[in-house]
Amino acid sequence: MESLILFIPFLLLLSSIVIGLSPISLNNFYSGIIGTLLVFVSLVLSIIILLDIYSAEEIIYYDDFYKWISVGDLNIGMGYLIDKFSAIMLVVVLSISSIVHLYSIGYMKEETDFKRFFSYIALFTFSMILLVISNNLVQLFIGWEGVGLVSYLLIGFFYKKQSAIKANLKAFLVNRIGDMFFILGIVMVYAAFDSFDYKTIFLNLNKIDLENLEIYFGLSYIDFSCLFLFIGAMAKSAQIPLHVWLPDSMEGPTPISALIHAATMVTAGIFMVGRLSPLYVLTEFTADFILLVGASTALFIGAIAIFENDIKKVIAYSTISQLGYMVAALGINAYTVSFFHLYTHAFFKALLFLCAGSIIMSLHHNQDIRKMGGLKSKLPITYVSFMIGTLCIIGFPLTSGFFSKDLLLEVMLYENSSISFVAYLMLLLAALVTTIYSLRLLFLVFYNKYRDKDFENIREQSKIITLPLIILSVLSIISGYLIKVFIDLPIFMFGVSDIHYNGIITFIEHGILSPATLALVLGFYIAKKIYKDKISFNFIENNLFNKISLIIKSKYKFDEFFILVSDFMKSISFKMSKNFDLGLIDGWVVNGFPKKINSLAVLFKRKSSGYLYHYAFSIVFSLVIIFGIILARVI
Amino acid sequence: MITMTHYLVFSALLFCISIAGIFINRKNILLLLMSIELMLLSVNTNFIVFSHFSNDISGQVFVFFILAVAAAESAIGLAIIVSLYRIRNSIEINLINKLKG
Amino acid sequence: MIIENTLNSLMNFIPEIILFIMSMIVLLAGTFRFSTKYVFHITLLSVVTALLLSFQNYAVNASLLFNSSIIKSNVTDFFKYVCYFIFLVQILISRNYLVDKKLASGEFYSLLLFALLGCFVIISSNNLIVLFLGIELSSLSLYSLIALNRSSIISSEAAIKYFVLSTIASGIILFGFSYLYGITGSLSIEDIAKHQNLNESSNLYLFSYILVFIGVAFKFAVAPFHMWLPDVYEGSPLPVTNFIASIPKIAFFVLAYRFLEDNPIINNDNFSKLLLLLGMFSILAGNLFALAQKKIMRMLAYSGVANAGFIFLGIFLAVNNNFSIAAFYVVSYSITIVSAISIITFMSSKKFDLVYINDLKGLSNRSGYIAILLMITLLSTAGIPLTIGFYAKYLILDAMIDRGLIIATVIVVLMTVIGLYYYLRVIWFMFFERGSNSLINTIGKFNLFVLSLIPTSIILIFLFPDYIFKYVFEILT
Amino acid sequence: MIENILSLLIWIPIISGLFLLFFNKKIYILNTYNIFINFIVFILSIFLLLSFNESNAAFQFVEKIEWIPSINIFYHLGVDAISVLLILLNTIIFLIVSFYNSTLIVKKTNQYYASFLIANGLTIGVFSALDAILFYIFFEALLIPMFLIIGIWGGANRIYASIKFFLYTFLGSILLLVAFLYINSSISSFSVISFYESDFSLIEQEWLFIAMAIAFAIKIPMFPFHTWLPDAHVEAPTSGSVVLAAILLKVGAYGFIRFVIPVVPMGAQSLDVFFITLSLIAIVYVGLVAIAQNDMKKLIAYSSISHMGFVTLGFFVIFQLFDNTQSGSDMIISLSGSMYQIISHGFVSAALFMCVGSIYDRYKTKKISDLSGLLNQMPVYSWFFVFFALANCGLPGTSSFVGELLVIMSSFKANYIYAFFASTTLIISAVYSLWLVKRVVYGEVKITLEECIDANLIEKILLFVLAILVLILGFYPDYIMNFMNATLENMTNNIILKI
């Protein structure tokens, strides 16, 4: 069984290389098929592994492919650690990836760079797998950077568009800010445990006494390392304030937004924290920090979506806010719950994006929802699947989103500390917001009448587009019922105590009666009134609300802030290069001294007269001087 | 009674005068030649004095050589001056600074 | 008895005598129309015969001739060989130049021979009178050689300057001699040096030595007694410059060696300090002045000043009679500078004098071979590895470090970096500047061969220096 | 043959180069000759690598001939693992350069190739000399061919650049000579091995350290001494820049690890904080300066300086590492990180300069502001360019990451402040590399050439080889690490004994 694990990354790398370097003669369609097949095969392999893991209890596959570095006492291997956690993640990633592969064959068919696209997404899947199965922090970081790289390349896929290449630079740099801290965190962990290896780290957790590690600025060593690692996760998983890259990343092709910027890559942060949960349970400060960051992200960024008019950006903001949910769950050490939400969210968010993709295709690359409307008659399949996706995301009972989100809120509520209660309220509010913007999107796109020209020749896309939608819809609905699996995910993870889970039925009853449902109903009412029936409430007119909406519309000026900082740095570097490097060091010192010496020489040359008696005088004079000195010395 | 010291001081004075003559005079090259002669004469005085007081003849032999060489020297010096005069009709020293720096 | 001694002395002194006679003959030959075109060949012949003869009676151990007024030892012979070699190269190269400049007359060659003879007399003199005669013989012939180009205004100016100043110098030296004679009551240099060993140093003795060495410093053109050098370099005909730059330096080095050989005054604090300071100052001044020069000969002259400073440092470092460092420096510098000036001589033609550095612009495009030769020579003067000049500087620095003069060493080293700049400037004019100067003469197979002798030996000696080192160390320690 | 392989490695290229000076034939003959010689040397170095026994820490293939016994200088060669790796890097780079040259048209082709061949041999000499003076001679002589390459075949401002290069480096190296002479005057030997056995008083060590460190800091170059490098790079011809960045900077680094740190460890220890600070300034400040450049070559030059900062950082933290953890293992890690950084930077910077050079050949400009959207006209090039730019900003999976990771680790163990500043390179290097890519590679075309030739076959192959090397080094560094391990262990043990 274990030997299969090696095949998964190998197949993906193979497909990436084969497609990337394939000759022109191999036409796009077939290369797409090849890629899809390879990913599908690896999906099958991963499922086999998952079943194998579940067949026996407490089984962990752990080994090294090969030794990466061994110098001094340092040993870093390239290997895998497969437990239930990573096995499930593996399946999720690969399933989404294979579906997106399939979808892309249809979506990208006009593109000239079709093959480049496929080789990229194969490469992405490869690095994601590397990240997921890794058994040490360095390999994790390699995969981490790998997915970042591919996302950089794919956001800039249309490299002629200025907006695209701006966006991908932005994405990479913001991620790099995170990575700087991430690598510091890794190094701190290494310095404490003298190993990058998960197993060693977790086994040594109780051996080293955390007390006598240094304290920096009143925070314990572990606090700091976890904090730094989490800052890395903040960049990758688009948490406030490092979320700015994700909305712009929508410049990439839509399948990419589905695969990378919704389902898999952005959840790498959550995965990482879950993976390192044994460390994170040791920190109080960092946990609270994570909780607050997550909750505020969920609420505030979600609110932006209400006023956004680009269909993809709306979904992007909703992604950020959902990630906020997961992060918040991490903040109270409910890793399994967070992971559960990750898993459900992967499906329905991918679904939403793919629907958006099909809509965009049908409308000839119009993404502005103000120009849409009444599409439900024209695009029935898309409509239905989009509906399902929306229901999931707003947590409509019996959909997957319902299970995950309610479980999350429950846990949050039962974690009785003041901060967590605040967070709970924020998340509840966020649920309301989520409902509003999701339904707004639904209504504006599919209901009322079309607000643009030639309504007639809009038609549903080909099978290869719609099939993935159907698959994902099914998955989105059923995926929630695996809740039990997630609640008892024990390995290396701290399962939530089962106090508020006894049987799925009770859970559903309990969930329906929870405040979340209230938020749902309220949200539905508001959204329907405003965006479908076009009835405007009077409280919208009062200026407090206007102020708030203005603040939200300004997206809290995060972009402006980053632009300010980067301009500042740029001007500093220009100044330094001009004044300090060229001016002081080079001009004044390196070239200055020779210049001075040279001018001195020129001066001497000008001063020397060439008169015979001056020569004679200088001889005699120096003669006298010498004699004077020596007389003075000897007498 | 004139001791050796007096002679030595005298010749030293001669030497100094001659050197002074070389760089104080700024008009005429011939004066330069004279002061050079003077310098050699002071040296001769030294030699004679030493040879006299240490009854050793070789010093005075040296003097003859010096005189002879001095003659040759001044001859060559004059020749150079002549050729200099041929080119530019003056032998003023403070015109001779084509070569400098 | 006396007859035998004299005959023996004559036999041992035969090369110099031949030079003397031949120079007369050359002078004579110059006067008749039929023979005037053979003066060059006669000179060549005479030098070669003299060289062969002196090879024939190479002195393994020192011997005193002409009742101890002349000394002949392997040291003198070694330096004479170097002089012969240099001299041959010089006259071979300068032939065309002299013909072009209408200077190839009998008196020129005979005067050159006289100057050479004078230097040899200095080298092998053991008596103040002979020494004085040697000095005067060489300098008198050099005065007239410089002034030989009667049409040129700068030559006669250079001549008069050199004449006046070097007579002052010889006056100073003589003054020193007179006191030395007075103190020791003898004219033999050996006795004078010995005298120091007998009774402890009297100040007068010190002062007279200082006088003598100020004279030597003048001849080496050590700053601040260097003013004459650039003017003479610029003013005099290139072959004469070539001579002045090399052979008298060797001769006067041997003079210094004679005066200081097993003579404890070199350990005298004042005296050694004087040498050291003169040397440092000369390195400083030479490099500084050389930086600003536009004319190549003046540049070389000031670099010569700097190198003279190094030679003085070498003499200063010659404690317990180890003159090998200084000797090696003198020899390496002389052959290097001869090669440089010879190349310049070779390049100037009938209507063109190579005066300014930027006349060399783009030389490599015209003749890369000459450019490379000149580059090797200049790098050797600068003391870059792959050339003999490196060892010369290396030995000096090594000895200075051994003496514990770290600061002085560092200063010297920094000065070397400054010095490197103006050599590099020549190189960049030759190699990096576009365009080329069509007036430069680059033809003449034989001359090119002669020119490449020295650079080749520079490289070869760098690669296999050990024989030279062994020999020099053996004879001069 | 095997016992004097080093002499062969040194003298084959030099002699064939000298021969080439007087041998001006048809261009293709010259090309084949040049490539052939470099190839032979490359094969020899491979042979050296294979027949080298890395488990043995002592110097191997030692040749000791009395050269100048009268002033006890020996022709003393020998290699340990570090030297072998650097020699291999050297031969690979020169082989690549010789292939690359064959695609160019230069004037005085034979002299051009000759200079490169001679430089090749001299560099190998530098890396294998075990006699200090021999090392110094190779070190100095190496200046001359580079000086000529920059000065003769360089750009508009070449004279200024070459003179600056020569004088600046000479200034440093002559101080080095003084230091060597001083050591010799007290232990009366120039052999590196006896240098290692020397023990000086602290104050002596400090002065010796300063003298030697200045020499190598100018060569490598470290922060305040770095300004010659951008000029030299900008003016040098492409192959010159490649050699300069890939080889000559390494000579400085090699000097540090061969002479400075093992010979005068106490001096290094007492001044290490100062040099660590300089390295960090190089990483942060020079990186920021690189952002501001508008000339691609200048930008890459500054980025090389900042990468060299990592090398010196790795060299100088070892003392604090030893203070914190009284074990040599961390020192070994740090040193091998630096060595790895040296090797990887050799390949990456070489490739980057080749890309820039070819862009310059086609567009006749190196100014970033003049260029845009190369991807539309020369896709192959642009993708390689993107790849190496990413490698330059230390992306995991490329060779640069390994060294940076190890150095950051070690510096953290020494002091977390160092690690913090060192890790800012993740941001800074990304900014200058990818901003360059954004402005040059992506976007719409600015200059449209009538017929823009994309990379020709040779260039494709060369860049491909380099890319493969970078990836292999990135994914399988263990071979080189093991290769160096014994040598570094021995070296650290000596250092520990001496401090």
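Lettered A, B, C and D in written order, each chain numbered from 1.
Definition applied: contacts are C-beta pairs under 8 Å (C-beta built on N, C-alpha and C of every residue); 3 or more make two chains touch, one makes a residue touch a chain.
These numbers come from a predicted model, not from an experiment.
The most central chain, judged by the distance from its Cα centroid to the centroid of all protein Cα atoms shown, is D.
Compared on C-beta pairs in contact, A-C and B-C come out with B-C as the pair having more.
Separation between the centroids of chain A and chain C, computed from CA atoms only, is 79 Å. Taking each chain's centre as the average of its CA atoms, chain B and chain C sit 26 Å apart.
If you average the CA atoms of chain B and of chain D, the two centres end up 66 Å from each other. Chain A and chain B, compared by their mean Cα positions, are separated by 98 Å. In chain B, the residues touching two or more other chains are 19, 22, 32, 96, 98-101. In chain C, 160-161, 164, 168, 231, 292-293, 421 are the positions where the chain touches two or more neighbouring chains simultaneously. Chain contacts: chain A has residues 594, 605, 608, 610, 612, 614, 616 touching two or more partner chains.
Chains touching one another, given as pairs, are A-B, A-C, A-D, B-C, C-D.
Contact residues of chain D toward chain A in the complex are 164, 167-168, 224, 227-228, 285, 288-289, 291-293, 327-330, 332-333, 336, 373, 375-376, 390, 395-397, 401-402, 405-406, 408-409, 412-413, 416, 419-420, 423-424, 426-427, 430-431, 434-435, 438, 441-444, 475-478, 481-482, 484-485. The part of chain C that touches chain D in the complex is made up of residues 364, 368, 372, 379, 384-386, 390, 394-395, 397-398, 401-402, 406, 409-410, 413-414, 416-417, 420-421, 424, 428, 431-433, 465-466, 469-470, 473.
Those residues of chain A that touch chain C in the shared complex are 594, 597-598, 600-602, 604-605, 608, 610, 612, 614-616, 618-619, 622-623, 626-627, 630, 633-635.
Across the complex, chain C is touched by residues 21, 66-71, 108, 111, 133, 136-137, 140-141, 144, 148, 151-152, 158-159, 162-163, 166-167, 170-171, 174-175, 177-178, 181-182, 184-185 of chain D.
Those residues of chain A that touch chain B in the complex are listed here as 605-606, 608-614, 616-617, 620.
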